[in-house]
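Below you'll find a set of structures to go through.
In the two complexes that follow, subunit A is the common piece, with subunit B as its partner first and subunit C second.
Our next item is the complex of A and B:
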């Protein structure tokens, strides 16, 4: 028996203790009625029962606009000193945790991005179990529950079962002891999803659905609005822009979210475009999400959060590719 | 790492020490890094740098000169847009920033004993000039060396004086061609008229044990690859240097993928056999 049960009516105390570890952020319902990760504080209710936020938590690691370099005539280019406050993100669903784990691989494995690392090191992740809705299709959750976060909260009717996975999580759990009750630790949740399995299999096969008529169909409807990548927890491709100050002496170089469905994503000087058609741009998105390239080759980066299916204004859903091929297999 | 700075992320200060106009829109720059150790800037031909023009931005540029060039390196830049335009206003001893070198470059050590055919279209001469000088520096290790270089018109031929010198060498062959001829022999150079595939068919070069290195616009690849294979040079032995939109140069920004390969970090030099099944690669 360990003290790991958090009663539902102890949430306020729980948050108060968490706030002593750093700036506390979590999902809230905003004035305009969307769920979003925001700072928590008195009078702001943490959403414990939500489907998904509109913008994923990647914004904490890769802000939409980020100054990556400063230039001054006398000192050349230099990286900004990253002064990042300790931040506790509470209420992350397993798909979002998996999204962060994927970004960690991209920005902290082969090549370490100093800004990303500074932010990531200052981040404590507290996961929360979820109930899938008709848009989700995540696979096995046990890995994210156990390795993907510092502390995980599994909900049951009257309480949350807490489990720490890291020293950071352990330190928090220790401080929470006075408000916790004794309970048996629960084994990690296991859930299966046919769609997630179909995606994995297609990825292993290196499937490209080259012959599908759906590419033309998608291309015919897509508005190139970019919502699908903006809201994706694992879309990270970025553009770089440089802005000189009026003094003519200093400059800022910014990294900004980009989108592979935008027309200029593959365009080079002189106007030649390596992905001129929307079909080609959809193939590119497919390649990155399900097959990967460069160091992420072979990794499925879609974590099944369902955001892109929810937000697309014209109802484009790449899962139709997988469904179509599953249907064909049936007699 | 130089001076404790990570050269893959932060541009190091470099000074323009030489500038030579090669045509109406293309200039050769010689740069040196302002590094206290004065260490040599080492690279493989075919690699590129990310050049920063402060307040303009950053562009990928092929290393165009011989490797190990006395602490300096050369870039051959065509003025085509925002950053390259700003660069063309700079003179020695103006300062720029350099990250790199990036990418793989041509695998020279795998070419020992082989005949080597270099085919450059337009600005594609930049990386192949670097490759040619590297081959000539180790001349004894290779068989026949042939450079075929095509430009739009005589005035667009870059490095005319150097080409004149190279044409006098006995240890290599040089063939030039222009799409449209307005004068008989540009700058005293012997020159054909017609596209590169026509030149390829019209001249003699060794086709056994030959590797080909090709760099030029996408249209060039489309018409040359079949021809080269027709001469018995296999897809394994045809090397292409690809251009793509690039922002970071280190496999992060995700603009330059070709199939499941990154042009910046898996390339920019690929064997044709790597690209054959990839739609949109060529």
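Our next item is the complex of A and C:
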């Protein structure tokens, strides 16, 4: 028996203690009715029952628009001072934790992105179990309690079962002890999802659905609005632009979210484009999400959060590709 | 650094774009110091185009013989011509009624005096001359105008994103008025750069910045029709700032 039970009515105390570890952020409902990660504080309700936020927590690691370099004629290039405040992100669903774990692979493995690393190091992740809705297809991803989070909260009718996975998590748990009760650890629940299984199989066999008629159909409808990647927890494509200042001496370099369905994504100097048509861009998106390329070859980077299915104004859903092939197999 | 010589002119328009420049109060001293402003009827008493100009920045559509004369004169004396604002780039508000008879329109406003008017359908600059760069917007964003001036100091043009308003709107975590409220938001078709100003305060995108690269006009039209908006209402909304949409265009 360990002290690991947090009663639902102790949430306020819990958040108060968490706030002593750093700036506390979590999912809230904004004034306009959007679920979003925001700073928490007195009078701001943490959403404990939410399906998904519009923008995933990647914004804490890769802000939508970020100054990554300064230049001045007299001092040359200078990186922005990485004074990142300690931030506690509470209430992350397993898909979002998995999303961050994937971004860690991209930005901190073979080539480390210093800004990403500074922000990641300052981040404490507190996971929260969830109930899938009709858009989710994470499969048993949700059952895994670790995914690199520091502390995980598994919900049961009257309490949360806390489990720490890292020294950071342990330190928090220790400080929480006075408000916790004793209990048995809950067994991880297991969740199956046919779609998640179909995706895994397709990925393993290197499926590309070359012959599907859906590509043309998607391309005809897509507005290139960008939402599907901006809202995806594992899309990390960015564009780099530089803007000089009016002084004629200083310049800054921006990094901004990009989407492979934009025309510019595959365009290089001289106007040559590697992916001229929307069809080609959809193939590319599919291949990156489900087959992976470069150092992430073989990793399915879609974590099944369902955001792209919710936010597409014309209802484009790449899962139809997998469904179509399942249908074909049926007699 | 050699000071670029610039000219700033307004044709058929409301002067709002030129005012955007005058509204850059903080930066004006710096601009005055770094550029030689040779021609700027809105801001200078002297009103002559005197010699070769590096950059001419032109607001407004072309709708009169005198508009055309100024435009030609500027084009002939400048190295770079920059279209400033939606009217100069796309026709804008002035061109909203271009599918109706100019004569009738003039008659409605000026009565019998209309016969004396020398006016034709307002057209964007590129119908008459080559333009080298454009800053869209009704009015343009201060930031894009300043970034352009800063780039001109270095002898180049800035790169602006070519995605639609939705991208900035989503990044700002706004409620989508098109999906969640079934409003006729033009965001997916319109060039970003405004940081989704209107949707951020709950107002649907009116399209003031003109078409985005590869606008999927046909798909947006289908979407609006499916949501139950009548076609003529959609068309009238869409051509408020740009009368020449190709409703069949998909990319």
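What we mean here is this: the second predicted complex is superposed on the first by the 327 of 331 C-alpha atoms of A that agree within 3 Å, B and C clash if a C-alpha of one lies under 4 Å from a C-alpha of the other, contacts with A are read in each partner's own complex, and residues count from 1 in each chain.
In this section, contacts are C-beta pairs under 8 Å (C-beta built on N, C-alpha and C of every residue); 3 or more make two chains touch, one makes a residue touch a chain.
What you see is a predicted model; the values in this text were computed from it and never measured.
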Inset, instruction - Identify whether subunit B and subunit C fit side by side or clash on subunit A in the overlaid structures. - result: fit
Inset, instruction - On the superposed three-chain arrangement, identify whether subunit B or subunit C touches more subunit A residues. - result: B
Inset, instruction - Kindly classify A:55 by the partners it touches after superposition: subunit B alone (first), subunit C alone (second), both, or neither? - result: second
Inset, instruction - Pick one for A:244: touches subunit B only (first), subunit C only (second), both, or neither. - result: both
Inset, instruction - Have a look at where A:259 lands relative to subunit B and subunit C in the superposition and call it first, second, both or neither. - result: second
Inset, instruction - Applying the touch criterion given at the start, work out whether A:220 contacts subunit B, subunit C, both or neither, answering first, second, both or neither. - result: second
Inset, instruction - Kindly classify A:311 by the partners it touches after superposition: subunit B alone (first), subunit C alone (second), both, or neither? - result: second
Inset, instruction - Return first, second, both or neither, reflecting whether A:33 touches subunit B, subunit C, both chains, or no partner chain. - result: second
Inset, instruction - For A:70, decide between first (touching subunit B), second (touching subunit C), both and neither. - result: neither
Legend entry - First (subunit B), second (subunit C), both or neither touched by A:278: second
Legend entry - Per-pair minimum CA distance [subunit C against subunit B, superposed on A] in Å: 6
Legend entry - On subunit A, positions contacted by subunit B and by subunit C: 239, 241, 243-245, 248
Inset, instruction - Within their complex, state which residues of subunit A touch subunit C. - result: 30, 32-34, 36, 54-55, 64-65, 219-227, 230-231, 239, 241, 243-248, 256-257, 259, 262-264, 277-278, 311, 313-314
Inset, instruction - Using the touch rule from the top, collect the residues of subunit C that touch subunit A in their complex. - result: 1, 27, 30-31, 34, 146-147, 149-151, 153-154, 158-159, 161-164, 166-167, 170-176, 178-180, 187-189, 202, 212-214, 216, 218-220, 222-223, 250-251
Legend entry - subunit A contact footprint on subunit B (complex, rising order): 6, 8-13, 52, 54-58, 80-81, 84, 95, 97, 217-218, 243-245, 247-248, 250-255, 257, 259-262, 265-266, 279-280
Inset, instruction - Write out the stretch or stretches of subunit A touching subunit B in their complex. - result: 69, 71, 73, 76-79, 106-107, 110-111, 113-114, 210, 236-245, 248, 251, 253, 258, 260, 265-270, 272, 274-275, 280, 283-284, 287-288, 291-295, 297
